[in-house]
Amino acid sequence: MKASIGVGLIGTGYMGKCHALARNSVKPVFGSGPQPRLVHLAEVNAAIAQTKADEFGFAKATGDWRELIADPEVDVVSVTTPNAFHAEMAIAALEAGKHVWCEKPMAVALADAERMAAVAKASGKVAVLGYNYIQNPLVRHIGALLEQGAIGSVNHVRLEMDEDFMADPEALFYWKSEASSGYGALDDFGVHPLSLLHVLFGSVARVFAHLAKPYPTRPTKEGTARAVETFDIASVLFEMGRRDQWRHGAQPLGPGPQGAHCAADFRVQGLDCL
Amino acid sequence: MKASIGVGLIGTGYMGKCHALARNSVKPVFGSGPQPRLVHLAEVNAAIAQTKADEFGFAKATGDWRELIADPEVDVVSVTTPNAFHAEMAIAALEAGKHVWCEKPMAVALADAERMAAVAKASGKVAVLGYNYIQNPLVRHIGALLEQGAIGSVNHVRLEMDEDFMADPEALFYWKSEASSGYGALDDFGVHPLSLLHVLFGSVARVFAHLAKPYPTRPTKEGTARAVETFDIASVLFEMGRRDQWRHGAQPLGPGPQGAHCAADFRVQGLDCL
Amino acid sequence: MKASIGVGLIGTGYMGKCHALARNSVKPVFGSGPQPRLVHLAEVNAAIAQTKADEFGFAKATGDWRELIADPEVDVVSVTTPNAFHAEMAIAALEAGKHVWCEKPMAVALADAERMAAVAKASGKVAVLGYNYIQNPLVRHIGALLEQGAIGSVNHVRLEMDEDFMADPEALFYWKSEASSGYGALDDFGVHPLSLLHVLFGSVARVFAHLAKPYPTRPTKEGTARAVETFDIASVLFEMGRRDQWRHGAQPLGPGPQGAHCAADFRVQGLDCL
Amino acid sequence: MKASIGVGLIGTGYMGKCHALARNSVKPVFGSGPQPRLVHLAEVNAAIAQTKADEFGFAKATGDWRELIADPEVDVVSVTTPNAFHAEMAIAALEAGKHVWCEKPMAVALADAERMAAVAKASGKVAVLGYNYIQNPLVRHIGALLEQGAIGSVNHVRLEMDEDFMADPEALFYWKSEASSGYGALDDFGVHPLSLLHVLFGSVARVFAHLAKPYPTRPTKEGTARAVETFDIASVLFEMGRRDQWRHGAQPLGPGPQGAHCAADFRVQGLDCL
């Protein structure tokens, strides 16, 4: 086991800062074991990269993320850039022999996600997506109870996840409002409840969804109104493949047929309802 | 105005009893005004009809509902029979010149419902369906607030309605388990939240639904297992036509485009989750 | 068993109407068995009594409740008058050999309640107080689960009961606003959660309470402001004697000492919080 | 303004680690401004102190907290030791000219708290208690709304705070179970909702409380059962002085008398209810 792990960070927004703080807290939280070294930080230009490297405690800074990936001192790369860049950066890092922790959503297009999965598999490296909720021990405990059949057949699951950070109609148009970011609320945090469904109830068989844009335009810094290209709200009705639910061979104790389907509906909302 | 109103009742199950009790309580609850007279009661045979007429306080009893409809003393007919009979009885009563209060669901097949609506319109009589929730003054108040635009554009509505009366796997197969009763939980009480959506948010544009049968069979009185033919659980995702919402010309105060759509999802469940 | 039971009703307000409707519904709801006959109704004067007797279906009417109690055709007397009259009327009815169903609260003063209990015991008649919630089969089921020790020791119980009927500051001063009615919200409906605590967790060992009058005055019909004499809100913290909880000899399964105390707090509120 | 602030930490338990992590995150979270330097860490002996200093990143370690307080490089002292030591350590640090951030509860005895307050006032130093919830901008916003009279008179406030970390009856007896730690759940986290009441609704006029010990004993490391000396559950009913509520001169908009009292009840619980 290496005494320390060289970390590279691409992107220093909300999640980039979270990754940096998390790496910094490994020693006080977990004590002994290999420690992360904050080796290299990449941003859109060298000046921003240097400022953030100072704040977050990284040794080197670069305005070119390919330099970071080429750095032999970097063992693992955190990809915390806008969604549209995930595929290119994660694939490049894996092909350069780095481990990768890429933020969710995996990619904007299915084909990109499939390429990422294939490269990750071929690389033999550790490739992790930022679905942090499924790491919660509580979720594992729910999964264990379901596998034991503790509540019998599950006929319906409901999840709701609301965020109010775009509730203000005066909040500015930004990268998540751009078409290149995908499906808005559904991509941005709807993937979290979906990740729970996937882990607890198996793969999705069918999806029905309603997406909405309550604010059709948002102001820009220049004071003009720009059409919002992504969705702020999603109501989704899933059918989950139940056979997968009991994948480890346990039988449900309660009533209900094996192999039946389970509906899972959820709502995600990027606006405040107050 | 007539001094009293002659009431005929077809069917004496759960809802038939409710209608009889309600008719009996008109005077103590509302005081003056025309009073119902409990004139004629019909059941599947003369003996049951007589027993129920004694219990509920009806003057005449019959095993043939067409006798009741032909009775000139009957002004209004309550149809509280199993769903499959609603269309035939309600149409016959309207065509005989009676007012009709028919229980929900209106009918099992769309064509039957359309025939009922046409006959009711042509008859000039009062024809009411048993959607009692929409009569609640609270719902009218919600409607008034929506029309005033008090909360701006409504992007999402969620309703849930659970009943536990079929939660026991030992509960017997009965008429609501039969294919002739329609879609089970959705028809039986899912129509109530749907009636609220219709009154408050306008007509339905699209429907996605997941229906389930947690107990594939139920015991019969004879002790055999019979396949359940209707659904016990429904998860439904609606798109409501928003233009209808503001049908009286009021403008929403808040953000959001006119004529946009609104998602409404609901879950109905004929089983206990405990 | 008598073929029918002669009913006398003193008071025709909200609860008096409830008693009349309930008596009228015995046959349709329960079918066979002795039926109530609505014999005699008393109000504050003969004219009001006659009007209400007609509405509710009582045979005789009187402006003097002592005539009703002296009526040999009356077997059971419903006392549904303002709180201040409960003791005098219930005691007189019991002493005249009638069964009594007296509304809650039992009495305004402890001494009155103790006299009522003593007379009821000596009379050998059925004497019931209007604590209808404790008759709910659900509550009995909770009680059975507690006795079986299904959830172990209960350390805390929380009940909340809110009514909005006096939420409007323009609502008129009325008899429940008078000092003779006792403690307001606490007497008026706080006794309901208290009755549940008493039935489920045993007798009260200590009480701490905070009572409030959010509206110090209310308008009268004459248009003047009159000081409210009772309380609209009560926050109450009880200590319940736990030894009583397990009164039928069952032992709790879970952790916790026998004979320990249980706190039960509740809030009653005669005002709308919206 | 100093370029950096020398930090001393006494105690490295749950809250000591929180303080260390928080100091470490100042730069990434807040960017520019004076930065904390982790100067000196004290524990019960030199070995533990050195281990923790390495984990948390402190330059010096000591088994004698008085050495830390005497260290001229230390500007501010975090006191995160068991409750019984707060008074002695905080007072010593203030008298040595240090700023102090002392964890809650302030002290176990009122006299100690009063001494601490007096010394803090005389010292002219910044003395902060660890009531972190009241620093939440949401709470300040609630306070602003109350001051504006946005919801009129507040008649009742209810807070509930539950922790499950002592839910397991096999959880070991530890320092919070000792009589020297004060009142258990009430001292340990009941002070948090109390701090919110104090900030939002003014000072407490009267307190009624019920404290309970669901588990009368807990196992020790040596395998014996030791009597729990503090309380795991508290139900508390407060009367708050309402005149203080409107302390900045704002008048409530709604109904209700000035200077009236407000009840605030809360429940704290150191056990899991599942």
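Note that the chains take the letters A, B, C and D in the order they are written out, and that residue 1 is the start of every chain.
In this section, a residue touches a chain if its C-beta (ideal position, glycine included) is under 8 Å from a C-beta of that chain, and two chains touch if they have at least 3 such contacts.
What you see is a predicted model; the values in this text were computed from it and never measured.
**Q** Hop across touching chains from chain A and tell me the fewest hops that reach chain C.
**A** The fewest steps needed to get from chain A to chain C is 2.
**Q** So if I superpose chain B on chain D by CA, what angle comes out, to the nearest 5°?
**A** Chain B sits rotated relative to chain D by 180 degrees.
**Q** Using mean CA coordinates as chain centres, what's the chain B-chain D distance in Å?
**A** So the centroids are 57 Å from each other.
**Q** So how far apart, in whole Å, are chain B and chain C when each is placed at the average of its C-alpha atoms?
**A** The separation of the two C-alpha centroids amounts to 35 Å.
**Q** With chain centres defined as C-alpha means, what is the inter-centre distance between chain C and chain D in Å?
**A** Spacing between the chain centres: roughly 46 Å.
**Q** Would you mind listing the residues of chain D that make contact with two or more other chains?
**A** none
**Q** What kind of graph do the touching chains make: line, ring, star, complete, other?
**A** ring
**Q** Inside the complex, what are the residues of chain B that reach chain A?
**A** 153, 155-156, 158, 169, 208, 210, 212, 214-216, 233, 235-237, 239, 255-257, 260-263, 265, 267, 269, 271
**Q** Residues of chain A touching chain D in their complex?
**A** Interface residues on chain A, with respect to chain D: 17, 20-21, 24-25, 27-29, 31, 55-57.
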